[in-house]
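Presented sequentially are two complexes of chain A, the first with chain B as partner and the second with chain C.
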Partner chain A sequence: MRGPGGGTEDLPTPRPGPSQDTHDSHDAAPGCASCALSTGGARLARLGLAPGRHDHVVALAGNPNTGKSTVFNALTGLRQHVGNWSGKTVARAEGGFTYGGARYRLVDLPGTYSLLSTSADEDVARDALLFGQPDVVVVVVDATRLERNLPLVLQIRQITGRVVVALNLVDEARRHGLTVDARHLTRELGVPVVPMAARRNEGIPDLLAAIAQVAGTEDAPAPLRLVHKDPALEEAVTELAGRVAGRFPGVPNARWVALRLLEGDPGIEAAVRDGTLGELATPATPVERAG
Partner chain B sequence: MSSDLLDDAARLRRALPDDVGDRVVESLYTDAARLASTSVDRDDARARLTLDRALDRILTHRVWGFVAMGVLFFGVFWFTIAGAAVPSDLLYVLLVENGHAWLRDVFVAAGAPSFVTGLLVDGVYLATAWVVAVMLPPMAIFFPLFTLLEDFGYLPRVAFNLDRLFARSGAHGKQALTMMMGYGCNAAGVTATRIIDSRRERLIAIITNNFSICNGRWPTLILMGTIFVGAVVPPGLAGVVAAGSVVAVVILGIGVTLAVSWTLSRTVLRGESSVYSLELPPYRPPQLWRTLWTSIVDRTLKVLKRALMMAAPAGAVIWLIGNVHLGDASLAAHLVNALEPLGWVLGLNGVILLAYLVAVPANEIIIPTIIMLTLTLGANTVGAAPGVMLELGDDAAVGSVLVTAGGWTLLTAVNLMLFTLLHNPCSTTVLTIWKETRSARWTAVATLLPIALGFLVCASVAGVVRAFG
Partner chain C sequence: MTLDEMPRDRRGVVTALDTRGAERRRLMDLGLLPGVSISAELRSPLGDPTAYEVRGTLVVLRGHQARTVHVELEDR
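Take a look at the complex of A and B:
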């Protein structure tokens, strides 16, 4: 229930989602938000992930209605209206915060259940995470619906290891008699899992510390390697991942790329064709990008 | 080179079964389920989802769900109407009566030329003062109440209730959600249709979003309901009847949305309705103070700001057309006379139609524009200058201005309420529709269809009333 512009107008650096915005991307071919014919910087800007005057870029992902907007507000101190329903945030919000002397730019991605490219929202989130290479991806997870939220976490973990899981709504989970073992999840996922209740500002300091730790680390965990039960699929993924790694040496998430190619994901196929995928092989360090 | 990779992928894909996508998803969900089951400890004894379930049993019931919906919305409007009366009076006396007279004195004392005083004080200031007095109190009550319902998790239940009706109209169930957004702002509602993937259903949702009463139109409805509809019954019932009339317009809007969706999906936008899953969020106790704060800052002030920004130039325009004379009458008088026949057919009048032309940028300023035009043009007929006749104060003053100077009847008010529901979207919304559809044709349809319906409905009501009354 906001004014035109989806409520981004109060934010410091408003920028609507790349797939819809036609003003920013007039230099790109129509319908190609992630084409790599331009320089990396311009592409990142179009994905909404250019660091600008900030040291680190943090992307905020999560299923719809997990309290993503609440976490966003808690981190940035902004008071964007938060609604108790799915799909509330359509346009992308951006904000910034400072922690431990470093300046962070926070980009709120559309809430999605997966990154399997079945809707415009999922494409936006997928492109931002894969090609934008944010320094940290915060995945907001609803502790009361863990099973339904984990598929997205697992997909993001297959793309990158620079992840912090914000286990939100633990207060609500407690009321429903649910206890989530965050330490077990941390072990299984290989990334920090921070229990929190963003509405009450509980756990925000821990989340900030975890973000800073992941942003500052040189060796983030490798992308998660999920083994597929189906032997034929597993074999095909392994074979194709080898070719992907051969063609684009150093791509960190070759298995995930291979899986998407096997499924015929048009966005990834385009990235193979025009070489965008190759740019993932040389991950820029946060310091270089800040300049 | 790189196409080799795609060839490899295609070759490997051919070797795999067709349902490879399903298998990938399946294995992903198996992993997620395993991880969830080992991480979550469930204390069934303490599980208290029962309250949620009990609430849902009522609020999403086939019959009671609709009854609850009516009662809740009715309560919100009644509270708004009853609560806005006193602060409205106060602001009116402060800003319109005293403020205007005082500012006028200051300008006259400073020796400002009369057209400067007229343009700035009688035009710009008076229009903005009217907007604040008329709009601020109902908005300051209505928005927090609506936001509380939203935060509680009620809106998705409304969507759930309406889903069946939308599906039967050949539209997407998510249209109920974008409709809810439209109750705040149609431009936001149109943007929200991005959640609908099918272009056909998205167009239906965009075209019909205008039938959700937006921020700018609530005050018009609430005011008309209060002054005219509430006034025909004994004072004890006035609030209830006034609120009921607003609810009736809202329900009519839902009916029109469904009817237009049905017609579109059977004519120019033919096709199947998509299946989707609607997640009903848990009921969450709203955080009262934060909700009050954000709804006042985020919505009330934002809408008010927009209204003021539109009201200031509109005030200048009103003063100018009221004071620039062409031959024997003012420009406004010429325009009103030209529009009068059409206004009469629609059961409205020339002033209202002219106000809608002046207020194309924002619906928010319709009522202030109508009042100012009526005062400017009606001043001669009742022998009073603007400012003098307003000493009656409050809503009664607005009513008496419109009745004595404007010649309004109950029919005028009811048809204005109908026309408020059924007319072209504001220019911001039209621009948003163009941006979202990139189609001049569909933008034109979305703009002209509501106003055509409005003409049809208003003219029919006026015809029937005149034939029998």
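Take a look at the complex of A and C:
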């Protein structure tokens, strides 16, 4: 997957990856910039499939059928197929956009309820979030089924604090007589929660502003630290996390890794064994600059 | 009672999951957690599998999975 090297400020370091070494000349067309006026304002230029070099990587996660692809299309101007069935986004789709002078690469992950079960989709999503180290993870949640969607948000919050919650389908929730207190949710989750109706382009400017804010910040919230009620489990997690942190200093989510190891997660076991986990020791926090 | 025994016209509350490991994890990821309300919506001719409504979506379980989910009937 992508190597380390966080998306800090102006660093132009290209990440190894399939879709980025070409099309640099293919800048945002003027026509594109004008169509952006209708959605994100003049500061959004959709780059479609030609993201070229980028300053920040943004991953798009969420349960199946929450409108991830609609959000993806609204941001990139692409028309990735939107369909109302699960498992539609099989691998990952990528696109790009610029906002506020910075270039973003957007990766649309498969819809999952969890990052913990062993299905191919969940592995793709989990590996992209953990090893891809995106600068921002946008978790799209369905405002009409918040209870069902929040477990994934909490799982992702245990991996990273660089999260924006896109509270999608608020129009549908409204029709059902539901309003969600986004400010309260923001306080509880410790990350921005942006109410939106992506298919009507409502809330896209706010989402962009939140993405830019998280991408640009040097002190994102720490990964969520769950304290387990079972004292034996808590003790085991704490001890193992200490050893993970000792072996791989700088890993931002040692407790989460420890819990996965205790559950016998084969992907995480492999990452510990072959040292892939060590690459997380250069996280998306500012790196000391030489010279 | 367990989920497979729950009558079609009733709702139940999940009280426990009598399974471990990946199977348990999967059920929890699908929203079957203690305290959650659940009802049987669509039964295949022989009752296996059956689709249950939980937290606003349909979840289809095989008989052997439903038998691991303990429920208490809700009052009508």
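By our rule, the second predicted complex is superposed on the first by the 229 of 291 C-alpha atoms of A that agree within 3 Å, B and C clash if a C-alpha of one lies under 4 Å from a C-alpha of the other, contacts with A are read in each partner's own complex, and residues count from 1 in each chain.
What we mean here is this: contacts are C-beta pairs under 8 Å (C-beta built on N, C-alpha and C of every residue); 3 or more make two chains touch, one makes a residue touch a chain.
None of the values given here were measured: they were computed from a predicted structure.
In the superposed model, A:L116 lies in contact with both chain B and chain C. One of chain B and chain C touches more residues of chain A, and that partner is B. By the touch criterion defined above, A:A128 reaches neither chain B nor chain C.
Applying the stated contact rule after C-alpha superposition, one finds that A:T144 touches each of chain B and chain C. Contacts of A:A74 after superposition on the shared chain: neither chain B nor chain C is touched. When both complexes are overlaid on chain A, the residue A:L106 reaches neither chain B nor chain C. Looking at the shared chain after the overlay, A:V244 reaches chain B, while chain C stays out of its contact range. Residue contacts after overlaying the shared chain place A:T179 against chain B, while chain C stays out of touching range.
Comparing the two interfaces of chain A, the one with chain B and the one with chain C have residues 114, 116, 144, 147, 151, 263 in common. Those residues of chain A whose C-beta lies close enough to touch chain B in the complex are 1-4, 6-7, 20, 22, 64-65, 79-87, 90-91, 114, 116, 119-121, 144, 146-147, 150-151, 153-155, 172, 175-181, 184-185, 188-189, 199, 226, 228-230, 232-233, 236, 239-240, 243-244, 247, 258-259, 261-264, 269, 272-273, 275. Across the interface of their complex, chain C is touched by residues 113-114, 116-118, 144-145, 147-148, 151, 263 of chain A.
Contact residues of chain B toward chain A in the complex are 1-6, 8-9, 12-13, 15-17, 20-21, 23-25, 27-33, 35-49, 146-147, 150-153, 155-156, 159, 174, 177, 181, 183-185, 187-188, 191-192, 194-195, 197, 278-279, 281-282, 284, 287, 293-295, 297-299, 302-303, 306, 428-429, 432, 435-436.
Residues 22, 25-26, 29-31, 55-57 of chain C are the ones that touch chain A when the two sit in their complex.
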